[in-house]
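Here's the structure we're looking at; comments come further down.
Note that the chains take the letters A, B, C, D and E in the order they are written out, and that residue 1 is the start of every chain.
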Amino acid sequence: MDRLVFEAAAAVTIVFAALMVLSRNPVHSVLSLVVAFFSLAICYVLLFAPFIAVIQVIVYAGAILVLFLFVLMLLNVGRERPEKTGHPIQTLLSGVGIVLFAGFLLSTLRQSVTSAPRALAGEPNVLGKPEALAREFFGGYLLHFEAVSVLLLAALVGAFVLARRESHREPRG
Amino acid sequence: MIGTIPLAEVLIVSGALFCIGLCGALLRRNAIQIFLSIELMMNSANLALLGYGASLGTREGQVVVFFVIAIAAAEAAVGLAIFVALFRHTETIDVNRINLLKW
Amino acid sequence: MGIQRLLAEHLLTVLIFLPLAGAALLLLVPRSAEGLTKAAALGVATLECLLSLPLWWHFDAAQRGFQFRESVPWVPPLGISYLLGIDGISLVLVLLTTILTPVALLFSLTHVEKEVRGFSIAFLILETGMLGSLVALDLALFYVFWEVMLVPMYFIIGIWGGNRRIYAAMKFFLFTMAGSLLMFLAILYVAIRHHAATGAWSFALEDLYRLTFTGSTAVILFAAFALAFAIKVPVFPLHTWLPDAHTEAPTAGSIILAGVLLKLGVYGYLRFALPLFPGPALRYAPWLGVLGVIGVIYGAMVAFAQHDMKRLVAYSSVSHLGLVVIGVGAFTSVSLQGSILQMVNHGLSTGALFLLVGVLYERRHTREISAYGGVAGIVPVTTALFVIATLSSIGLPGLNGFVGEFLILLGTWSSAHRWWSVAAATGVILSAIYMLTLVQRVFWNPVTHEENRKLPEIRVSEFVAAAVLVVLMVWIGVRPNDVLDRLRVSVENLRESVAAKQLAEASASGGAQPARVDAGSGAP
Amino acid sequence: MTGLALWVIPILPLAGFALNGLLGTRLGKTFVSAVGVGSAGLATVAAYSRLIPYLSAGGGTPQIEVYGSWIVAGPLSIDLSFRLDPLSALMLSFVTFVGFLIHLYSVGYMHHDETDAGYARYFAYLNLFLFAMLTLVLAESFPLMFVGWEGVGLCSYLLVGYYYDREYAAAAGKKAFVVNRIGDFGFLLGMFGIFTTFGSLNYAEVFGKAAASPSQYQPALTLICLCLFVGAVGKSAQVPLYVWLPDAMAGPTPVSALIHAATMVTAGVYMVTRCNVLFRLAPGAMAVVAGIGAFTAIFAGTIAVAQNDIKKVLAYSTVSQLGYMFLACGVGAYVAGMFHVMTHAFFKACLFLGSGSVIHAMGGEQDMRKMGGLKAKLPVTFWTFLIATLAIAGIPPLAGFFSKDAILAGAFESGGFHLLWAVGLFTAGLTAFYMFRLVSLTFFGRFRGTHEQEHHLHESPPSMTVPLIVLAILSIVGGWVGLPAVFGENANVFARFLAPILPGIKGVEEHAALPHATEWLLMVVSVIVAACGLLLAWSWYVKGEGRTPARIAASSPGLYALVADKFRIDELYDVLFVKPFYWLARTLWKVVDVLLIDGVLNAGAFVVELTGDLLRFLQTGNARNYALTFLLGLVALLLVVAGWI
Amino acid sequence: MNGTFVQMSQADWLSILPEVALATTGCVILLLEAFAPGLRRWFATLALAGVAASLYFLLAAPQGTTFDGRFETSGLTALMGLFLGGSAAVAILVAKPYLERTHDEKGEFYALLLWGHLGVSLMVRGLDLLIVFIGLEVLSLSFYVLAAYFRGIEASSEAGLKYFLTGAFASAFTLYGIVLLFGASGGTRIAGLAQEGLAGRPAVILGVLLLLVGFGFKMSLAPFHAWAPDVYQGMPTPAVLYLSIAPKGASVLVLFRVLAAIFQPELPDRFHAAVAALAVLSMTLGNVVALAQRDAKRLLAYSGIAHMGYVTIALAVFGREALAAAIVYFFAYLVSNAGAFAAVSALYRDESKPHPVAMLAGEGRRARFAAGVFALCLFSLAGIPATAGFIGKFFVFKAALERGMYALAIIGVLNSLVSIGYYLKVVYILYMRDPIEAEAPPPLAFADRLALAICAAGIFVVGIFPASLWNLARSAAATLPLPGP
């Protein structure tokens, strides 16, 4: 049962991911990616990560992609002109590269096995308990947590620096 | 096995997503779409993480995913800001047309 | 710690770093005070020269091995040490250096206009480099000085040189680098082998002498060393940097280039390549000799074809150094002493030639031979000096050149390779041809260019500079023993150690019998 | 050691050279002449102060003086040492004396037509030459001799090129030096050979060993001797290296007299004689020497017949006479050779100085066709010249007669169907002919020059005539020291004196002297031949005023032109050696250096640069390509690690 | 599950202080920027103080691992901290006059620089791939912004875009690599990778390769270098200065850590081959293409690519001596490259224009000090003895020869021959050409002068007395489980 749902969700994800890549119109891409992320969130749930699934929906599908939409609107870049995406050689090489890499990646992943699973504490879905996760964050992953806070701060300031209008300086260049 | 889902399957899906993202990153010209593709690649990593974590029966996978999402968010913020800043000069975010610096 | 003790116990260190200190001192002189700068530089160089004389007096000609040793650990974890010392071979070259530098600077007193301070500084640093590589007994230390030398010379050619100076400077730098980089690897490898063999790191020459290399390893290592030095000498096919560098360099630069830098190639070969890898060195000595022969004849022929005075002299250097190489290749005690003496001779005569060509150039600003002619009557003193230098360069008996040539040819004749000597002796004819042609076309013949009629005569400073060299030419020509006595033991020492080591190698490589070291030491 | 040390003798002119060279220009002509002539004179005095006691002691044992060691390297050890033995004594005696005379003569000759600087230069060179020549003859070892050997070469270079602002003079000087260098090349190799064979370069040792055990060194010797002889050929202007001597006449006449007649050019003969021990052990080499000598004698003589430049005639005559001397050495008549060296020094110097005096009077004119009838105007010159001419022609009882006769005798003994003798004899005739032709054209007949030349004609000053007279006297009596054996066993003082320089060698027997009858016969024949030559010249040029030769010349113009052009040997050499050499030099430079070596290197550098320039364009500026290269790099790595590459 | 939620020992605190110092300084500067912009001219000093403080804390911190084995404080991190601190300090020194020239002195610049520095130091000290990754991202984000710092200059924005896109792309790979290793080892700790039989697994190999390319990207190692020239050209020079030095060192260290953990005792041949190939490619491509560069910053970018090739030789040699050599090399690279960029920043007047080398013609006689140090740095980069650069190459080649990798060494020296070609080209343009710029460059600011002096001194100190540095490096290298004495 789980498995069927997972496979269905995965299929949807893949399809919409493909759409995202294929559609010329960026807005379409964003929207299809939203769908993809939703279905991905379903997969997360099935992998005992309800909390992550929630975040996925809120942060990704919600915040980030919406942000993308805003920017798209702001710059109102329409659909790519149908001119060829680049030099044929370039496309060819990309194709070759991707195919080879995909081959390696998938073959590796197919045969990749994990070391013997540990006995789960109670039933599987204990894994994703937010409280338990919180303990991790403020326990063993405290350092990471702090680091990420700096990261976000930097991102914040950075975004501010870049987005701020040219105010008190003569334009240059 | 995670419940009834075989790990390999999860990983294959993640791998597939990664490759799709790769295609987008390489073949699209619109910077935003490229970036979207990269986001997709990161998500594929997340999927794999959760798969591994679940099959290992450890929470670490989810913890990592959490951080990854945070990172991705931060990247998105900065990235979009950069796009905007550049757009002010070039009126485009088509990477084929953005080659003032070369050679 | 009186100054005397410093001089007594650390004379070599003082000699190496005095010019450097002088260079630093010059930084304090205001850039505008050009006269002062020049004077100061000259003063330092002269002081250096005076300080180097005690080496000459106190050198114990009878003692084997190195003298005036100094040893201070430098990079202990790698056994690199600040290890100095000289034997007869380095002694004469050190003095040649300390004498030629002030001479060059003396000439420059009146002939460097732009960037005087930079020029003087570069020159002093250059002297440090040359002296350092002459007295260093630690391979790493040697390599450092050896390379450091390039930089000031690069600037001297590149900034104060002639029209194609940049090309020449680049060529000079790249050529030399090309050789020495491989040598650098070889040095590293040798040291590593020493570490592997003894468990202790050391770059000290005498420690590394003890290693024996066999088979292809030895050959490759030797090749790496030999290439570096062959380029510097320069040996025949690798010589093309020389004409450009010598021609484009400012006169003082040419003097030092021809006078000292080339010698470092031969010196390096004798000090490092040969004793470290006697097997290959002697096995391939014939090739060396052949290249030397080619160099002698080829250099002379090409020199004859030149119509640029400096270029002609430059090619004559190729020819002369070829002779030196033959002497080294023959490796008899006579030919070796001859080669070393000939290095000094070449330094003096070619130095003087470049100097006097410079005298003319500075007045007419052309090096074209055809632009002169018949100036003997207008500048008799210059003419006289030039003729003397020429005679010394073509080996007229009674002047220094002859003794060197004679010893090399005689020593080679009495070695296994008699025909080299025969072939090289033709150089006696060829050198006369091209040098006398030069003299005739520049100094004799009717005056064809009016502007030559008011050619100013040589200046006092220039005259003194040239005179010093002339005096030395005569002195060595009449009393060569003063030099030879100091070389004898060192050369014998070299040959014996090589012979001994070669036997060791032979036994190590399984009794392949060694090539003859003392191929007829000249004794009947 | 008796009296002054030998080194004093050469040092004196050296001092003169230094003094004149450094200060001469400032101190004026009188000072210069004083120093120049003075040092030469002092040298002469010094020399004779050593010679007289030595001679009076009857010569014999050589006196060797070692002043210290010059070059010591490995087994090689060369001393600074001089040697006084009959041979060097002989050379010393006339080198100093003739040298002095010519210094004296130069005072007059050079006095007015030179600036102070030039004058000083001239005497400095002349002194330097004297120094070098003395070193050459006194040296006790080959290298030291080589010092003098090249020293005289240098002076010859400087003095021939004395008028440096005349291109031909400068060129002639260079030619002289270079050709000499070719000889020195041989000399050097010879020395090396000697050293490796005998382990020493000192005469005493080398000759001692050679004489002691000849067989031991046999094989090497021929080669060594040939090498040495190459040196001699160069220095003494023998075929094929004689070409420099005629050009060398570009120098001032006294120089020609001193260097290119009396002293330097005979150095070769001296050297061969000095090494007679070696040569006598190498019959092959001897034969070559004789052959070259004979050929040169007749060859140069022939050329001399057709020359019109007074000095050229004398030059070729010198070459021919030198050939005579080598002929003597070649047939083993070393004494005769040296004898001729001496007498030749007298009369040829006299002739040159005479010609100098003539040229002087003619205001620099050297073409005999523009002279004539000078005997009235220049009596002293004429008479001295005539005497010298008779002497060289070999008219008894003048010096030339005896020396030449001795050589012919030697040649006659040497067998080989007396071919060499015949050649020598014919040459004697030639000599007589062209010399008298010279005299006739110059002194007899009517004056053919311009008017102001005629007006200026005058006898030279005493400083010039005195040497002429002295030399003329010597040309007469010089030969009497070497009367042939027919005048009594001990008549030949000269031979007895020189005997010690021909040490006996084990296994080499001295050939017996000729029977008196034969010797008489030979003398008569040679005198007749000489006389014929004289008379022929007389009848053609004085009586017939040169019609006959003109007719002959006209009858076979090609031949005449060829002879007049000295058989175009210079042109031949130019085509054979000079031009190819120059061409080769240029080609080596342009092709090997510029094209090949630098070409390859620059090409390499260029290729690298080019690669850079091309690769540079991979940097398209398109971010997607950067991502692409990234991916491709990754894939490549994967392939490597997976082992597919 | 005890009462207090946050579990953090004092050791943890002490060990994290250096980073805290940096973060705080950044925040303070930011606040001052917001509320007391008048204090701007003190920002640089403040930033320097921050760097100094963090360095002090780093050296003072007790040795050992903290945050239950995820964070390291050791001789190694101390030495690397010194290296990073040095580059940060020079960057700040250069930044002050630079920003004044461009009328752009804002607190954010220093703040971002400091945070980026923080990220790098996390990379160096993290024993947990996740920490390393976060550090990497902190660095990247800060420098994406710094690259695009001049909003007014298109080139700058473009540099930002390119750096961002390629950087994000690369970190996606890095991340996936981490994931694969996570899957194999069941955790993110590097130490966890040292398990039996892990090295053989395809997933691990792939993971390691992904890390290799990811960090190779940061090192601007060919063929992952393509971003560097463009970004260097558009980015503010002081930022480039830092970016071209510190992150590369950190990345190499991370790679050493990971490889050392996984492959014991020796690098598998195929891996060795792969790394060696990268080294050769990077050296050759960097040097050859540098010959063709006209722009000073691009030229230095390619020279940097080439130098990373030399360092990668050490990685290929793999071993304690090699790591030590790499560390020494980085110190040499620090003084030389920092000096070069400092000189570039001082010698060019207008940031809105490119920096053609030809414009420097004759500056050797006008801007004597700057040009002199520039030349010195170039000689050092070329590896002329008695300069730091020579020492770096010396040890790297020594390591290579000791392990019998002659080909690498020979290719290396041949490459440095090529490199001399373009380094000397700059030198002769500086000294042997006549000026084309009408007026002499403005007098050197004190900070610039100081920075240049420091670099020059460093070049000679390292170049002439390398012994102590070498000893430090060797003892530091001993902290990794690498083969070797």
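A few remarks follow.
Following the convention adopted for this analysis, contacts are C-beta pairs under 8 Å (C-beta built on N, C-alpha and C of every residue); 3 or more make two chains touch, one makes a residue touch a chain.
All values reported here derive from a predicted model rather than from experimental measurement.
Chain centres were defined as the mean of their Cα atoms; on that basis the chain farthest from chain D turns out to be A. Taking C-D and A-D together, the pair of chains sharing more C-beta contacts is C-D. The most distant chain from chain C is A, comparing centres defined as mean Cα coordinates. Remark: chain B and chain D have CA centroids separated by 99 Å (rounded to whole angstrom).
Separating the CA-averaged centres of chain A and chain B is a span of 5 Å. The distance from the centre of chain B to the centre of chain C, with each centre set as the mean of the Cα atoms, comes to 66 Å.
Centroid to centroid, with C-alpha atoms defining each point, chain A and chain E lie 29 Å apart.
For chain C, the set of residues touching two or more other chains reads 174.
Each of the following residues of chain B touches two or more other chains: 11, 18, 21-22, 25-26, 29, 34, 48, 51-52, 56, 58, 60-61, 67, 71, 74-75, 78, 81-83, 85, 89, 93, 95-96, 98, 100-102. Multi-chain contact residues of chain E, defined as those touching 2 or more other chains: 130, 134, 137, 141, 144-145, 148, 151, 154-155, 160-162, 165, 169, 180, 183, 186, 206, 229-230, 421. Those chain pairs judged to touch are A-B, A-D, A-E, B-D, B-E, C-D, C-E, D-E.
Of all residues in chain E, only 161-162, 165-166, 169-170, 173, 205-206, 209-210, 212-213, 216-217, 222-224, 226-227, 229-230, 270-271, 273-274, 277-278, 285, 288-293, 418, 421 touch chain D in the complex they form. Note for the complex: chain A touches chain B at residues 1-3, 6-7, 10, 13-14, 17-18, 20-21, 26, 29-30, 33, 36-37, 40, 43-44, 46-49, 51-52, 55-56, 59-60, 63-64, 67-68, 71-72, 74-75, 77, 80, 85-86, 91, 94, 97-98, 101-102, 105-106, 109-115, 117-120, 124, 127-128, 132-133, 136-137, 141, 144, 148, 151-152, 154-156, 158-159, 162-163, 173.
Residues 365, 379, 384-386, 390, 394, 397-398, 401-402, 409-410, 413-414, 416-417, 420-421, 424, 427-428, 431-432, 466-467, 470-471, 474 of chain E are the ones that touch chain C when the two sit in their complex. Residue ranges on chain D touching chain E, taken from their complex, read 605, 608-609, 611-613, 615-616, 618-619, 621, 623, 625-627, 629-630, 632-634, 636-638, 640-643. Listing the residues of chain B that touch chain A in their complex gives 2-24, 26-30, 32-33, 36-37, 39-40, 43, 46-48, 50-63, 65-67, 69-78, 80-85, 87, 89, 92-94, 96.
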